[in-house]
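Each of the next two complexes has chain A plus one more chain, namely chain B in the first and chain C in the second.
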Partner chain A sequence: MSGTWITTRAWLLMLPLLVVMIAVIGWPLVDTVRLSFTDAKLVGTEGTFVGFDNYAKMLGGSNFQRAFVTTAWFAVVSVTAEMVLGVLAALLLNQQFRGRTALRALMILPWALPTVVNATLWRLIYNPEYGALNAALTQIGLIDSYRSWLGEPGSALTALIIADCWKNFPLVALIALAALQAVPRDITAASLVDGAGPFNRFRYVILPYLAGPLLVALVLRTIEAFKVFDIIWVMTRGGPANSTRTLSILVYQEAFSFQRAGSGASLALIVTLLVTVLAVAYAALVRKAAGAS
Partner chain B sequence: MSSGGTKAAAKAAAGAPMDMSTAARKRTDFSHTAHHREASKEAETLKLLEVIMLKSIRTALLCATLAGVSFAGHAHAETTLNALFMAQAAYSEADVRAMTEGFTKANPDVKVNLEFVPYEGLHDKTVLAQGSGGGYDVVLFDVIWPAEYATNKVLVDVTDRITDEMKSGVLPGAWTTVEYDGKRYGMPWILDTKYLFYNKEILEKAGIKAPPKTWDELAEQAKVIKDKGLLATPIAWSWSQAEAAICDYTTLVSAYGGKFIDGGKPAFTSGGGLDALNYMVTSYSSGLTNPNSKEFLEEDVRKVFQNGEAAFALNWTYMYNLANDPKESKVAGKVGVVPAPGVAGKSEVSAVNGSMGLGITSTSKHPDEAWKYIVHMTSQQTQNAYAKLSLPIWASSYEDASVTKGQEELIGAAKRGLAAMYPRPTTPKYQELSTALQQAIQEALLGQASPEDALKTAAENSGL
Partner chain C sequence: MERQSHLFTTFVYASALLLAAVILAPILWLFVMSISSAADLSARPLNWWPDEIDLSRYRLLLSTLENSAGAAFTASLFNSIKVAGMATLAAIAVAIPSAWAVSRTPSVSWSLYGVIATYMLPPVALAVPLYMGLAYLGLLNSVFGLALVYLTILAPFTTWLLKSGFDSIPREIESAAMIDGARLDQILRLITLPLAAPVMATSALFAFLLAWDEFFYALLFTSDLRAKTLTVAIADLAGGRVSDYGLIATAGVLAALPPVLIGLLMQRALISGLTSGGVKG
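What follows is the complex of A and B.
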């Protein structure tokens, strides 16, 4: 009896939130699905039903394939680099040394910075006329003259990945650092007594403790990286010659610049689907990892 | 027109608080004004942040957007006008605020909320607000948008509101900024084209007597400057993958007598359209053009020119007085300006129509007050008083000593340049065409495709 009452009360308390969530997430989602089967414009015509035309057009176009490859490359490289850097930074910050607290606090700064501010800063660093990167590299003799990092298709995407890594590796480091605190001291001490070297200690003693939390970080970062938009929009707007145009930028152009709400919605749903597939796969991994430990 | 402002906007934002604090003392609605004063203190980065963070959230989930923007609609308790401007080039933010204050002083019953966004966000913000039921009464629009705005009923037709006095007083060329299909969708406000700026000192050192009259002559003079070791890359352009690149391209298309569209079909793949891109590619690959041009917006061009690192630069009106300001510029007093050159046998001078107008949105609940505001902003009196960064639309202003004083050279260039203004294509699908052309220009510059192939691909992707 009291159990039912508690359940009922819980639902009652959640009701306002549920209503709001259905209003701002559920309904627009349903409407987007409807929109994606029409040829509606953003302003003006309501559009008529066109079946799977939008999906066929979007998936079949060379733009989508190219943007997909760009996005996947961006996500894989930046997330890998962030994971490696994050774990290394966490291991370092887990050591005893003077100024550790200050360093830990400093490390969070890039992550706390709004993405657009970060992008603007890196644009200044990469500036071809007076950028700090050009100055530094010329002064240590690595390059002869100033270069246009964001103006060359070969370097623009890499430059964006570096900027994105700088901003996001602290999140991984933070999660890894928290996990490191949970590693029991007696086990690391015991492995030391047993003569395990630094690498073996990391591989067999510490890493198992990190695996779960790192997987969570991996999920979060991959999904975020797959949706990347703001940092690219500020730094290159998809240029030069569309070499940094990711799926999200394509969605923006289609739906808002060209005002084709119908095909824009279908493209957005395709991206959502891709991200969902990633999320589900990772969720399965996390569950497996949790079960194993 | 199009521009990527950083410094000018930041300066304007920094200048604004003083104006607003004066206003605060005069108004009873202190909290409201104070709020705005806070807002105006934000630097451009933060403004960018607001605009782009909104955009990024929107892009993450299109569906969330469609619900999200509907909250952006404003309720009107009294006559409050919401106006959308851009935060760069032409009139500075401080200028627009001061002009608006002149209006609210004369019309105490009307309040005007000003919002400034970078040029790159102006079109999308206007359309998004409209798509979600409105929000703005008055919007600034670029010469390339009336076709689309008229077709999608974003702006109202104001043909009947325009008086005979306006019709006869405003320069005939200025009206093309607001016209589509024989109707007028606002008042021209910023009358602008790209001029050829040159550094007098560098030309003198190179032994060049007069600035170039043709594009070939420009290349020859740049070569002399390069060969004499005065500058490694003497010409600066704004060829970033943005509208700015199209403005430079259009200037060249007009010089070579090209056409964008003929009979509804793309016509830029041959003739003048192809010659124009060929010129850009040759100038780039021969090392006469600053290679960083392909990531420059107008503000980057201005910085390079002001630092004395360019002998020639193509840019809008506003650069003249800023590059001549000793506080801003290392080349103050050495700035020369002429209309963009022509092509022997084809044109005397060349120019792109980069003008902008003010219009009333179809969702405005106060079209009469909005029109009154537009009339004030575009009046000869207002424009003459703020003629340093943008020139008036009124013909007789160009003979007015208060306008011409101190900028005779610019006025001289304007008289010839404005008369030659060439329009970018008038089509409701302009955004698609422009995006395709931006890509073509960059591919050709980077050598990924020949100019001919790049333009053919652009024609296929132009949506025409």
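What follows is the complex of A and C.
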């Protein structure tokens, strides 16, 4: 069979997927770009061309800047914590001890719990009147009176980050564990004979095996964290006093709560651009790391 | 095997206990809340274990009496099953031929990167036109409309998983059949697809879980019992004026049960998927 026929046949087989992707991804994306240059409303008015007005308004507004900082803080702190806790848990699970298999199976639970259920669960735990956190901390004597963890701007974002980390660090742990199990035993044994201490052994013998998979996990988790919506919407809806309003929440409010489709679309594209820049930067990093090892 | 000192062994067991407690405590508490009476849950100091086990909320939520809290819950449960089921079937149907084509045809393999790249798009970048499009087609607040929208997530995802599945089936088997005179549809139907059945099943289950978990589009595109999914129903309960926290917890337990069971059953597939980087966080 000729090469052209094989290529043509491949495109024919991909036709259904291409049609679906154009209908539900390609067209909406192009239309978002079009809308972002208009003053269209979500329902009713078609909108007229306004050039870069929406972009200027959104980028210059204090809402965007504050949401950007909130999102970046959420992403950096939660992903860093997830990476550190995940690697520590993986190092533990890589040891020999009784109950290890059961503990590894437990790690699946937070991953499998639906995001909305996780958010609801933590919302109940943080409840200012009956929550388990308040009850536990009071009973140990760490706090005197019940506090509104999600109701105070000072603690809401941290409370959210903890809930997010609890759900996601086990996944990082499982990825890191799989990588750890690929480290040949001879190498760790040899480093032991050569007199490497635990820290040097981790840094120079084990970490190179972990770097690739961890970097991929880092990329995926950061992109996910930058797009975060569900957990925040269910736990705080961006409040109190907008202290947990991330970029996705801001887009939702602009486009759907206030029905300003045009400026909402421009904001959505700014977020998309930020995520793309992140992804490309990371991809370069991954390639460099792959080339170095 | 390296020698382990007593101190180190103690440290390992203490850390393992701590990790198990961190993972289990919130989940157990969700379950305890679902079986505690409202009085136990609002007691100060809190009753960590109920005096009497109260299963009434499970009965309430799973009842289908008209206009009860149960009717709303079971309706959303069925909507979730319908939407996730339809979206998964449609995604697998379009993914099989394209994943096979990408796997067997080096000249088009670059297109897979385009498919994966869409995965990074934030849903907010598509939401406004999708909303207007569904409104135009009369598919807002419809399980069909929502299932269609879920293809934005599931179609690229299943194509990616199935492609790596087909990669692991040797081409030689297919070429041998071709030399024997089999047509392409026969090769696919009789040889490749049966060999790929486990991968297809795994991909379908992952896709189903992804759809089961989805919240953003469901929140935007559904508004009442006709199409509201479980995630939206639970968010409504959590954000509403429900005074019985045990009821919210019970809804959470019921919604978490299917994915948790699937997750535990598929441990092996999940972990091998993780190592190849093929599973969403």
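Rule of thumb we're sticking to: the second predicted complex is superposed on the first by the 290 of 293 C-alpha atoms of A that agree within 3 Å, B and C clash if a C-alpha of one lies under 4 Å from a C-alpha of the other, contacts with A are read in each partner's own complex, and residues count from 1 in each chain.
Keep this in mind: contacts are C-beta pairs under 8 Å (C-beta built on N, C-alpha and C of every residue); 3 or more make two chains touch, one makes a residue touch a chain.
Keep in mind the model is a prediction, meaning the values are calculated, not measured.
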Following the overlay on chain A, give me a clash-or-fit verdict for chain B and chain C. clash
Taking the superposition as given, does A:115 touch the first partner, chain B, the second, chain C, both, or neither? both
Once the structures are superposed on A, label A:230 by its partner contacts, choosing first (chain B), second (chain C), both or neither. both
Would you check which partner chain A:259 touches, where first means chain B only, second means chain C only, and both and neither mean what they say? first
A:241 in the overlay: touching chain B, chain C, both, or neither? Say first, second, both or neither. first
Chain B versus chain C as contact partner of A:49, first or second or both or neither: neither
Looking at the overlay, what does A:168 touch: chain B (first), chain C (second), both, or neither? second
Should A:150 be classified as contacting the first partner (chain B), the second (chain C), both, or neither? first
Just checking: does A:204 make contact with chain B only, chain C only, both, or neither of them? Give me first, second, both or neither. neither
Once the two complexes are aligned on chain A, which partner has more residues of chain A within touching range, chain B or chain C? C
Chain A residues contacting chain B in one complex and chain C in the other 24-25, 27-29, 31-32, 42-43, 114-117, 120, 129, 227, 229-230, 233-234, 237, 248, 251-252, 255-256, 261, 264-265, 268-269, 272
Residue positions on chain A within touch of chain B in the complex are 23-25, 27-29, 31-32, 41-44, 114-117, 120, 128-129, 146, 148, 150-153, 227, 229-230, 233-234, 236-242, 248-249, 251-253, 255-259, 261, 264-265, 268-269, 272
In the complex, the residues of chain A that touch chain C are 3, 6-7, 9-11, 13-14, 16-18, 20-21, 24-25, 27-29, 31-32, 35, 42-43, 89, 92, 95, 97, 99-100, 103, 105-117, 119-125, 127, 129-130, 132, 135, 138-139, 166, 168, 170-171, 174-175, 178-179, 182, 189, 192, 213, 216-217, 220-221, 223-224, 226-227, 229-230, 233-234, 237, 248, 251-252, 255-256, 261, 264-265, 267-269, 271-272, 275-276, 279
In the complex of these two chains, what residues of chain B are touching chain A? 45-46, 48-49, 52-53, 55-56, 58-68, 120, 123-124, 127-128, 130-131, 148, 151-154, 240-242, 291-292, 294-295, 300, 303-304, 307, 309, 429, 431-432, 435, 438-439, 442-443, 446, 448, 463
Give every residue of chain C touching chain A within the complex, in rising order. 2, 9, 12-13, 15-16, 19-20, 22-24, 26-27, 29-30, 33, 41-42, 44-46, 90, 93-95, 97-98, 100-102, 104-105, 107-108, 111, 115, 118, 120-133, 135, 148-149, 151-152, 155-156, 159, 184, 209, 212-213, 215-216, 219-220, 230-231, 234-235, 237-239, 245, 248-249, 252, 255-256, 259-260, 262-264, 267, 270-271, 274-275, 277, 280-281
